[in-house]
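You will see chain A twice below: alongside chain B first, and alongside chain C after that.
Right, the complex of A and B next:
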């Protein structure tokens, strides 16, 4: 089971890692992305979904997604190349 | 009704485990009457009558075995005593040495062996780590300034400067390292441990080994908030499989008997062993609170009853310690001072 699958995430964007005891908060966009990542969606699928949901260009959505995923990796919440 | 004595009832800024143990015993499945063993009339547990029915001032273990055992036998003959759960490092050697004698008088304990107790010295950590296949921060044992400067040169700053049993400081340069070295030597003597700083999550496991390689439950936690003395005030349960299986390997490899606290730093998949304590930690009530009543199980093991072994606790339970106060009569204090018991 991957790291993301183990995270306990509530609808308000509170994330608890049961392995390390660390907790995080994410905004609506972050929560949206994490839910897609947990479902194993590809980067392209998430970019499309973000662009539709938040009415931004795919280019902007991709930049934000890459940035956010880099942060997740930094915190050890995303292992390797998830998508 | 079982009569059990518990020590470490100093619920102060550096809290002992006694109050947490007593709370566990009260909430357990056995009917108990708990006695507090104290070393000072000011230990708050003495006045917590809702936990400790009676309390007794004990002679210091350093005064020798005889007065200590005599005091326990006085309690036994006057008030009845079925078991003792000692909770302080300084008492343990005496209790371990006298456990058969106490047993012959009908006072039960469930303690580590002398060899197991010795493992608490940080100079034994590399040996434990090797046998249970975990890592240990790179370590040098030093007894002089010369060795100290050689060690820090090899390890590079920052380093941890530690006593064998107590105190740990992080030093960022040679003058800090030397000053911590001096302060630990002045208080606790030689040798001094110089250790590489490992970054990761500090996690602890509390458990009770059955003495045959199994255990009566483990609970893993992470300290979220500690005081300036390093004492946990807020924590959360974690389920880290690497950590829990390393702890199980420790219990089975050393056939650990009795309570213990296993302190580690977890860095990704690596477990670094930091310390093993041969007794309950002060936060032991956390285990009771998540359904693994270790003090109750340890008492059962001491009494020769079969303790539960389930330990499927949930991750994400929060531990909150707080300070509290109450008012009692001066006469309570007077009795402790004049009679040595109350």
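Right, the complex of A and C next:
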């Protein structure tokens, strides 16, 4: 099981990491992405989903997704099959 | 109908961090869509980005504020525009229209003032390096010269002989006014007796008429009391000179150094709290004058205020070119304007406004300029919402020193516009191109390339 699957995440975007005790807040878009990452979706699928649900171009969504995954990696929340 | 988009952000929560002002930077966001009624986007479309924008309204308003503060308290005041702070023709012309004379510190600035139409006798010539030829011109044209060192006394005596006139001059003093650092490199020191020696030297030569005293205690002075000390010492010294040598001191030039509402790095309080009002400075200066001058004696008070007048009238529009994530996790933006045109970024933390509503939580970020140089940092830590590429940032105040100390380095210098009081937009300096840079270059014949 990957790191993301072990996180406790509520609907408001509050995230608790039981391993480190760290907590995080994530906005609506971030929560949307994390949900897809947990389901093991590919980056392209996520980009497509973002541009379908939100008012954003695929190009902008792709750029933001790269940055968001970079943030998750820096916080140590991406590992194993998600990397 | 698609939902409104917000860039994805995740923030780590930290406990135990207190914010005594109760307003977390995560929620502070300043939006500016126009400058003096002219849309930011319209300015950029027409003149490009980055772009310096000056507000004539603000400039005149700021000058009148400073002028009123002093003229209401003392009957004989002259304001002399410090050219080095901003010597763009249009800016100088606005201030000359308002009644300022010109304060210059080099032959170049002197020539620029003359070219603009300022008569020689409306120019004050300061500075440690005044080439001989420029002294000849200045004396011929009746400029007021404030002497910096003994060599200059000798130079001026030579000019007096050459022209057969007795120039009326001032001397620059430096003194302890209780502030640090104490500026001691310009003029003659008061406490050591050097200033009095200079007066003796001028009197014994008999070729110069000493009519003024000049002093400039420092820059961005936050303590009005220092000016009170300066004025009292100047008045005392003036009377010593008058009583012992028979000169009449017509003017006391107290220089400038008044701060603008800018935030110096390392100062915790916001400028609205840390920077005293101009009235406070005026009150200290004028009451010190009135209480130490002899009855009926009102020598001219000269002020060379630069930053306090022009800084807040200047804005810089810059565009977000790229966003990146540093290995530390910090967000970074690459802007199209850097320290090459924002010299004051080294000591100020600018006010940053965004040209549009951007949704999403603010996060800590660093603003880099466009130079391929590690020193090119516009702000090393600020809080901004996730900015899309192409967002314009409006930085202020940037009206003082930037358009004189800017460098042509790596990039061309951008255009400068002035927004008039009726909303008219005038280009007052064109953006540079290659011809500006290569105009003075010469390539020896033998080095011509044949590719």
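In this section, the second predicted complex is superposed on the first by the 80 of 83 C-alpha atoms of A that agree within 3 Å, B and C clash if a C-alpha of one lies under 4 Å from a C-alpha of the other, contacts with A are read in each partner's own complex, and residues count from 1 in each chain.
The rule is short, and it goes like this: a residue touches a chain if its C-beta (ideal position, glycine included) is under 8 Å from a C-beta of that chain, and two chains touch if they have at least 3 such contacts.
Keep in mind it's a predicted model, so treat the numbers as computed, not measured.
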item: Which superposed partner A:53 touches (first chain B, second chain C, both, neither); value: second
item: More chain A residues in contact [chain B versus chain C]; value: C
item: Touching partner for A:71 - first (chain B), second (chain C), both, neither; value: second
item: Touching partner for A:20 - first (chain B), second (chain C), both, neither; value: first
item: On chain A, positions contacted by chain B and by chain C; value: 22-23
item: Sites on chain A touched by chain C in the complex; value: 15, 22-30, 32-33, 50, 52-56, 60, 63-65, 67-68, 70-72, 74-75, 77
item: Residues of chain C touching chain A in the complex; value: 2-13, 323, 325, 327-329, 331, 360-361, 386, 388-389
item: Parts of chain A lying in touch with chain B, wherever the complex brings them together; value: 8, 16, 18-23, 76
item: Chain B to chain A touching residues, read off their complex; value: 201, 203, 221-222, 224, 235-241, 266, 268, 315-316
